[in-house]
Amino acid sequence: DALSTITERKVLRVAVPQDFPPFGSVGTDMAPQGYDIDMAKLIADKLGAKLELTPVTSANRVPFLQTGKVDLVISSLGKNPDREKVIDFSTAYAPFYNGVFGPADLAVKDAAGLAGKTIGVTRGSMEDLELTKVAPADATIKRYEDNNGTISAFLSGQVPLVATGNVVAAAIIARNPPKRPEMKFLIKNSPCYIGLPKGETALKEKVDAIIAEAKKDGSLNKISQTWLKSDLPTDL
Amino acid sequence: MSLIAVTELKKRFGANEVLKGINLDIMPGEVIAIIGKSGSGKSTFLRCINGLETVDEGSILVAGAQLLPDEVHLKALRLKVGMIFQQFNLFPHLSAGRNVMLSQMVVKKTGKAQAEAMARRQLERVGLAHKFDAYPDELSGGQQQRVAIARALAMEPIALLCDEITSALDPELVAEVLAVVRELAAEGMTLMMVTHEMKFARDVCSRVVFMHEGRVHEVGPPEEVFSAPKTVELQRFLGHGHA
Amino acid sequence: MAYVFDFTWLAEYWPLLVKGVRITLQLILIGGVLGVALGIACAWVRALGPKALRVPVAIYVELIRNTPFMIQLFFIFFGLPALGLQMGEMTAAYIAMVVNLGAYGCEIIRAGIAATPRGQFEAGASLAMTPFETFRHVVLVPSLQRIWPALSSQIVIVMLGSAVTSQIAVEDLTFAANFIQSRNFRAFETYLVSTALYLLLAIGLRQAMGLIGAAIFPKRSAR
Amino acid sequence: MIEFSTWDILRNLIFAARWTVLLSLVSFAGGGVVGLMILFARISKSKALRRFAIGYIELFQGTPLLMQLFLAFFGLGLLGVDVPAWLAAGSALILWSAAFLAEIWRGCVEAVAKGQWEASASLGMGRLQQLRYVILPQALRVAVPPTVGFSVQVIKGTALTSIIGFTELSKAGTIVTNATFQPFTVYGLVALIYFALCWPLSRYAHSLERKLHVAHRGH
Amino acid sequence: MSLIAVTELKKRFGANEVLKGINLDIMPGEVIAIIGKSGSGKSTFLRCINGLETVDEGSILVAGAQLLPDEVHLKALRLKVGMIFQQFNLFPHLSAGRNVMLSQMVVKKTGKAQAEAMARRQLERVGLAHKFDAYPDELSGGQQQRVAIARALAMEPIALLCDEITSALDPELVAEVLAVVRELAAEGMTLMMVTHEMKFARDVCSRVVFMHEGRVHEVGPPEEVFSAPKTVELQRFLGHGHA
C-alpha cells in the first residue's frame, strides 16, 4: 500500500501550490514557501521521509494525485462530494473562507449583487465550484488556469472582482498591490484538507493521526501564526 | 515636330557606361528598327524611353513633354508610349481579355463594359477575339505575344516600343506576330523595335538605327543601311548577322 | 493496471465542447482573415514599400517569430494594462493571433513576391500602373497562389496554437477540455476527445483553405 | 513581505531559462532520432510503414502541442506509467519535433535526384545502404538550414510545458509575476530572453540558407 | 549458353503496355545496339533487365539465374550486370575515386586499400587516373560519364547496360566516351546499349535490335539491319535517323 511504499522509499512526494500565497508562493530564490509547504514538512518529518515538493495548479492537483505522480496533495484543497468520488480526504488542517473580493468603490453585498458583473476565479478550485452554484445567471465568470492567472487578471484590471480565499486576499494586500481586494461577501467556509489517493486507508489514518497530534501539541498553531497571523480557529 | 526626341542620353550601371550619349528624333508614324550586337545597349535605350530605367544625363521628350522620374510624369509618359517585351509578360492569373482590360480599368478608370468592349476590339485586331477567356498558359507563345500587343494597344498609345518581341518564339510562330506589327505600321502607328529580323526591318521600317557600344553608330533608311553600310562595325555586324 | 475508459460524461458536457469548437473556429476565422491581411501589408512594406517603414516592420516580424505565442499573449493580456491598454480576453486573443500570423504570413508572402518575375513589375509599369497598383492587381494574386500551401499550413499551426488562449480564460476548445476535466476528473478521456476534435478541425481547415484557393485562383491548365 | 528587485526578477528568469535550454536540447536531439526513424518509415518500400508514418505526422502536426502535453502527462499516468513533468514534457516535445523534422527531411530526401537512387541500386546497394551512403549525405546539405530553423520552434514549444507544471522560463515568468505584480516588466523580460535564445538561431539558419543558394547557383 | 535470356517480357505502366512481349537471347561477348523511336520502350527494356522496373509477365534469366524482385535476388543480379545512365548519376558528394570505391566497400565489403587499388585501375582504364580526387562538378560531362563507366566496371560485372550514355554530352565529348566503350567491346565485355549513334552501332556492334511499339521489330547484324531493313517501320526510322 501507499504508506509502506513511502516508508520504504523514504521519500514523500507532495503537491503544493506555488501561486497561492500565503499557502504557497515563492521567495526571491524561487523556493516554495507557505502554510502548505510547512504542513508538508511536518508530515514528512513525522513519516521520517525526505520531502519532495511538486508545484501544482488548482486545476491539475487532483489529476496529479489520481495518476500517482504524488502521494499527497497539500494544496489548500477543499472538500466536496464530487471530489470525494475520486480521492480521499484527511481531516482539516487549515481554515479557509471563500469570498468575493473587489476594490472598495465597487458595491457588491451578496451573490445576487454579482448580476451583470464579471468575476475571475481559478478553474477547478472550490471557489469555482461554489461560485458557479450561487452566481446569478447574468454574472460572467472568467476561469483562469491557475491562481497566477486569476490574481494577474485582477491586478491588471482584466476582472473587477475575484473569488478567492480571505487569506489569499490578505496576502495580496500585504504586498501593497496597485489594486486592493476587499472582502465583499463570504461564499463558503471551506477548510483545507489533505488529498489522498482513493482507498489508501493506512495512509489516511497515519496522516489524520499526524494532524491530530499537531493540533494538540501546538505545532499546527505555530504554522498558522506564521502564515495567517492568527490562531487556529477552535472549530477546526 | 518630332514625337520622340532623345538628346545626349547617358546611362550608367555602376561604373559601366551603357549608353554614352544618344541622339535620335522620331517623327510621328515612323517605324524604327534598332539593330546591334548583344550588349550594345538596345534594350537599355528602349527601357529609358519607357522610364523603366532612370536616366543619368541628357533628356527625352515625348510629344513635347519632358521625361521626369516622378510618378505623375512617368504615368503621363507611359500612357503615351506602350512597351512590349521579349518574354510577353502576360499576367498569368488573368484571362486574355482581363489582361487587356486591367490597365484601362485601373489606370484610366474606364468602366468595365467599356474596357471589355475595347479589349474585344483589340483582341480582334490581333486576330484573337475567340481567345478572350483563355488563360495565358493555354495560349501558344505567338498568341501570348499578340495578346501583349493588344494589351498595349488598349491604352491607345501614340507610340509602341518593342524589344525583340519575336526572339522567344519558336520559328513557326514568328510570322504571326510580325504580321500584326506590319499591320500596325501600315495603320500609321509610331514604332521603335529592337529586332534581329533583318528581312522584316528592311521591308517594313522607315529607318534603321545601328547601335554600337552605347552609341548610335549609323542611321538611315533600310536600303542604305543594309546595302551600303558605311562603318566597318556595321559591315562586320551585317556580315555575320541575318541579313 | 486496468484502466476503464469512461465517456459517459460526454452526455452532460458536449454542449461545452461544441461551444469550445465554435470559439476556436471564431478565433481562427477572424485571426486568419485579419492576420493574412496584416501579413500582406507587411510583406508589401518589406518587399516594395516605403524604406522608412521597412526596419520597424522587420523588427516586428523578428520579435514575433522568435518568441513564444503564449508569452505574446500574456504580454498583451497581463502586461499591456500597465500601460493603460485594457482589453477583454477575446480581444487580446484576436490581437495576439493577428499579430502572430501577420509576422509569419509576412515572411511567407514575401517569398511569394520575391519569386515574381521582374517582367511582371515592368509590364505593370509600362501599362502606366503605379507600383502599388501593379502590386495590387498584378503581383499579389500569383504571389499568394505560389505560397498558398505554406500559408495554409501556417494558418493551421496558428489555429492549433490558439489552444493557449485558454490560459487567459478564452473559452475555446482547450478551455472546454480543461473545464470538463476539472469537473469530471476524467482527464485522459477528455483530452482524447478534444484532441480528436482538434485533428478534425485541422483537417477541415486545410480542406477549406484548398477550396478557398481553388475559388480565388484561376485553375491552370496542365501545361 | 519579500520584495523583488528587477535584478531578482532577471536573475530568477535567467536561472529558469537553463531548463528551457536543457529541455530544448533534449527535445531536439530526441526528436532528431525519432524523426529519423519516422523518415525511414515514411520513405520505406512497405506500404504499412508509410501509412504509419503519414498517420503519425498527421496526428502530431494536426493537434495542438498543448493537448499532446496534457495527454502525455495525465494520459500516460492513468495507463499506469508514472510520468514526472519533465519526462512528459520531454517525450511530448520529442514526439512532436519528430513529426516536423521527419516532414522537413522528407522534402530534402526528395530533393535528391531520382537518378541517385537508380545509380546506387544498379551498383547493388540495398535500400539502407543507398540511404546511408548516397542519399542522406546529399540530403543533409539542404537539410541543415531548415533544421536549424526548426530548432527555434522547439525552443518556443518548450514554453507550453509550463502549463503542465514544468518550471522553465515561462512558468518562472508567471510565478514571478504573481510574486511581484509587475506583469509588464516580467513578460517583457521573458520575451527578451526567448528572443535572445531564438534570434541567433534564426539568423544562422537564414545565412546558411543563403550560402546554400549561392552555392547552388555557382554550380 | 546465352548470358541474358529474355522471354515474353511484358511491362505495363497503369493501362499503358510499354513492353508487349520481348524475346531476346544474348551470348557472352556480344555487343548489342538497341535502336528505335522515342517512346518505343528501349529504356524500359534495359531498366527491366537491371531490376529498376518490376516485370509484369515473362522471364529474364541472367547467367542462368532468374530475375526476382526481392532484395537478395536483385543484389545478385546487379553484381552481374552494371548499368550506365544518360545523366551519369555520379554521387556529387564523393570524389571520382570515392565514387568508384563506394559500392565495392559497401556491397562487396572489399577492404579500403583493395577498393582503392581497383578504383585506380578502372579510372586508368577510362583514362582518368589523374582525376582520382576530383569531384564530379569539377569534371566535364565526358569525364563524368567515363567515371560512371569505371564505377560500373569496378563491380566486375559480366555485362554492361548503357542507356543513351552520350546523349547528354556536347558533340565534342561524345568521341571520348565512345572510345572507352569500343575498348570494352574489344576486350570481350558483353554490352547492351541504347544509342542514336548509328555509325558507332554499325562499327562496333555484333547485332542491332530495332524496337518498335514495345516489341523487338527486327534483329540482325548491323550490315543487314542498316543496309537492308526488312520492315517499313525500320526503313522509315532509318530514313530520318542519323545513319
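Order of writing sets the chain letters: A, B, C, D and E. Residues in each chain are counted from 1.
Basically, contacts are C-beta pairs under 8 Å (C-beta built on N, C-alpha and C of every residue); 3 or more make two chains touch, one makes a residue touch a chain.
Nothing here was measured: the structure is a model prediction, and the numbers come from that model.
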item: Intersection of the contact lists for subunit A and subunit D; value: C
item: Fitted rotation between subunit B and its twin subunit E in degrees, CA, nearest 5; value: 170
item: Inter-centroid spacing, subunit B versus subunit A (mean Cα positions, whole Å); value: 82
item: Length of the line joining the C-alpha centres of subunit C and subunit E, rounded to whole Å; value: 54
item: Distance between chain centroids, defined by C-alpha means - subunit B, subunit D (Å); value: 54
item: Touching two or more other chains - residues of subunit A; value: 63, 66-67, 145, 149, 152, 156
item: Of all residues in subunit E, the ones touching two or more other chains; value: none
item: Shared interface positions of subunit C, touching two or more other chains; value: 78-79, 81-82, 167, 181, 187
item: Touch relationships between chains, expressed as pairs; value: A-C, A-D, B-C, C-D, D-E
item: Residues of subunit B touching subunit C in the complex; value: 50-52, 71, 74-75, 78-79, 82-83, 85, 87, 89-95, 102-103, 106-107, 135, 137-138, 148, 151-152, 155
item: Residues of subunit C that touch subunit B when the two form their complex; value: 117, 119-120, 122-130, 133, 137-138, 141-142, 145, 217-218, 220-221, 223
item: Complex contact set, residues of subunit C against subunit A; value: 77-79, 81-82, 86, 88-89, 166-169, 175, 178-179, 181-183, 185, 187
item: Subunit D partner contacts - residues on subunit A that touch it in the complex; value: 18-19, 25-30, 54-57, 60, 63, 66-69, 145-149, 151-152, 155-156, 171, 174-175, 177-178
item: Residues of subunit A touching subunit C in the complex; value: 59, 62-63, 66-67, 82-83, 85-86, 120, 123-124, 128-129, 142-145, 149, 152-153, 156-158
